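Both of the next two complexes hold chain A, though its partner changes from chain B to chain C.
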Partner chain A sequence: MKWAPWSNLHMDVPKDLTKPTITVSDEPDTLYKRLSILVKAHDKAVLDSYEYFAVLAAKELGISINVHEPPRKIERLTLLKSVHIFKKHRVQYEMRTLYRCLELKHLTGCTANVYLEYIQRNLPEGVAMEVTKTQIQQLPEHIKEPMWETLTEEKEERTS
Partner chain B sequence: MAVAALQLRLILCPGARGLRSFSSAVRPAAGPRSWQQCGEPTAAGEGCKTSLEAVAIPSEVMVTLQKALPPRTEKMDVDQDWPSVYPVAAPFKPSAVPLPVRMGYPVKKGVPLAKEGNLELLKIPNFLHLTPVAIRRHCAALKDFCTEWPAALDSDEKCEKHFPIEIDTADYVSSGPSVRNPKSRVVTLRVKLSSLNLDNHAKKKLIKLVGERYCKNTEVLTITTDRCPLKRQNYDYALYLLTVLYHESWKTEEWEKNKTEEDMEEYVWENSSSENNALRTLLQMRAAESGVAPSRDELLGTREVEDYRKSVVQLKNEGENEANLTQYKESVKRLLNLA
Partner chain C sequence: MAASASVRGLGWRVLACSWELPCTWRALHTSAVCAKNRAARVRVAKGDKPVSYEEAHAPHHIAHRKGWLSLHTGNLDGEDHAAERTVEDVFLRKFMLGTFPGCLADQIVLKRRANQVDICALVLRQLPAHKFYFLVGYSETLLSHFYKCPVRLHLQTVPSKVVYKYI
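Moving on, here comes the complex of A and B:
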């Protein structure tokens, strides 16, 4: 009896996909002074296309962006060509890693999350990414004043 | 039962030998006819009477081979909506991409291979789903979820003034056996000491407590934490360290009274050997001249001693250069009445 595959995966597509609703919360947005994205790949053409996509996306979302290309790194190794003896005959392999660095300035937390998710979902196969975020924050409340005066006051209140 | 099955096989695949079936076996698709000829397979135990003659295949039942349809590219017009052809990342389909792309290393006096059946075009990641039109549409939909940077913080100095603490974190995206990267738990906290509420003693004590993590040129304290397994734990630990350092530096312990001259960060002239020597020399000079010995406080108040003090402090703190040395020379000459 031949097995015929039957599943509803491609038949039951939900037709009424509503747009995700935007929720606004009261907590203050985080601020990122700088977002540095380093993209690593083995192919220059793939990196060029990805850079064009990332730059256009940033411009459309209103983020200032700078691109520069760190120098490539080549890792080479030399192995023996044959399984047994023949030391004079070797074979050499190399792995080329090419880099592209996108620097974004002055982003809010919401914009950064949206942009990074968009970029990362469209990351091609065989490409890796490192994101370095520099977040700026206010001084926390407990560092504004030294606590020793308030501590002595509390002690006096407790003893009296 | 097995005998009946074997005889059924012989009818359905007349060329079959033995129990193996091959993919190149030609099956006569005359299902109903052969059943009728053979009769229903009867209950186990009774074989059905079969004949091993060749079965005639009627043409309506036989599967007709069709000519290949023309590719979809011929029906595409120039101003079609391309994002609907490639809405998501998909492999390269030569029948769906209307471009005459060629890829591959050519033979001698040849050209790169055409797109039909080209493995190189399949291997390389394509960006056909990310044309500028598609990117603009995506960004227009995503714009609602973005917030604007506050316009008042346009320069670095203003950011520094209102938000003095900077926190560096890193995230890593790559394909591999695991999604996690152990380097992503490192958190670096940077703060300028001028933005913290510290007095002189507290600042010096903090710098001594912190040691290597303070940079004198930029006045920035850098705390790097990676001892906890999670990023937010490291962030909490870094803030905790900053709080503890701040509050401890405001405390004055008893053993701090034993601070000697070697522990001082900068040269202080009061109660130093230079002051003692200068004053002793001046006292002896004045006593030898006029016989009246003025007091130390009077001598300290005179202008020559002030100048000498300033030049010595400058030499010790800032190092030796031309201007400092000439100033020191002038002040010594004036002190000893040589000029």
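Moving on, here comes the complex of A and C:
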């Protein structure tokens, strides 16, 4: 899609009406045990407001959500205050990173994709997000029964 | 540029030393220096100097009484490309200062969301409207092609500089 700039007319990308928005397929949907979203920012007010928005969106979609706040990290630098001498006089700067963790439980793949897309499109500037997905998969066939039962059967076949 | 290519791996603060001597390719390790008493502060005058809210507050008031002028994720813990964002910021501020001569009422606010850059500026009504429209279109197109990402300009016009107090 060729992007053309429009000054002061903030036009979105036009929707492609030929492609259907809802797709139906026979494959079983992926299941997620837990979706952990870690949001980082410099400003606590921005994080509070984003958490309110994310929790509201999750409740609308019927997803169970838990929020907790990991402790903040402060990175400090000590530099010289003056250009030439005066080693005893220094200046300290710090960069504070505040965190918020949103944990969603028991989702389907489609729900997770929709929710994450909505959340990420509305991510405010200066805020970073890390998503960790924990997927549930069916146990493979060859692990379902214990090994020693099949081994004893094979030994019996060889001896007899 | 030759000088910048040689010092690319050493951090952008070393660029300042190598500008004077473009032929030397050795590295000079200096620490970035800042006179904390004088940084980003408007010096007190007789009571006749008009000062905006942004200028009136010192940098230690950031996150308490002031906000940030440039919003990006480069300085967060575990995120990178902070230096690239800073260099882009410097260029964008100089570009805006030059494209709208005498029209900017206050410092520009730069917001980066996903791929796009939003430049928010408070502008004085020095030029007629059609000239403003042209400058907005010109700068948006030029910057988008230069940075290979959508750049949007949001202007707000103001009759005169908004004064917070007189120092």
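By our rule, the second predicted complex is superposed on the first by the 120 of 160 C-alpha atoms of A that agree within 3 Å, B and C clash if a C-alpha of one lies under 4 Å from a C-alpha of the other, contacts with A are read in each partner's own complex, and residues count from 1 in each chain.
The rule is short, and it goes like this: contacts are C-beta pairs under 8 Å (C-beta built on N, C-alpha and C of every residue); 3 or more make two chains touch, one makes a residue touch a chain.
Since the model is a prediction, treat every value here as computed from it, not as a measurement.
Enquirer: Now for A:K73: first (chain B), second (chain C), both, or neither, which partner does it touch?
Expert: second
Enquirer: Under the stated touch criterion, which partner chain does A:C110 make contact with: chain B (first), chain C (second), both, or neither?
Expert: In the superposition, A:C110 contacts chain B only.
Enquirer: Comparing chain C with chain B, which touches more residues belonging to chain A?
Expert: Touching more residues of chain A than the other partner does is B.
Enquirer: What is the contact status of A:P140 with respect to chain B (first) and chain C (second): first, second, both, or neither?
Expert: The first partner, chain B, only.
Enquirer: So, A:V91: does it touch chain B (first), chain C (second), both, or neither?
Expert: second
Enquirer: Between chain B and chain C, whom does A:A57 touch in the aligned arrangement: first, second, both, or neither?
Expert: first
Enquirer: Quick check for you: in the superposed arrangement, does A:G126 touch first (chain B), second (chain C), both or neither?
Expert: Once the two structures are laid over each other on A, A:G126 reaches both partners.
Enquirer: Indicate the residue numbers of chain A shared between its chain B interface and its chain C interface, in ascending order.
Expert: Of chain A, residues 43, 123-128 contact chain B in one complex and chain C in the other.
Enquirer: Under the stated contact criterion, what part of chain B meets chain A in this complex?
Expert: Where chain B meets chain A, its residues are 89, 124-125, 127, 130, 132, 135-136, 138-140, 142-150, 153-154, 156, 159, 162-175, 195-197, 202, 239, 242-243, 246-247, 250-251.
Enquirer: Taking the complex as given, what residues does chain C use to touch chain A?
Expert: 31-37, 63, 68, 71-73, 75-79, 111-114, 118, 133, 136-137, 140-141, 144, 150-153
Enquirer: In their complex, what parts of chain A are in touch with chain B?
Expert: Contacts found on chain A: 22, 29, 31, 33, 43, 45-46, 49-50, 53, 56-57, 60-62, 106-111, 114-115, 118, 120, 122-140, 142-148.
Enquirer: For a test of understanding, state which residues of chain A touch chain C in their complex under the given definition.
Expert: Of all residues in chain A, those touching chain C are 3, 5, 7-8, 10, 40-43, 73, 75, 79-83, 91, 95-97, 123-128.
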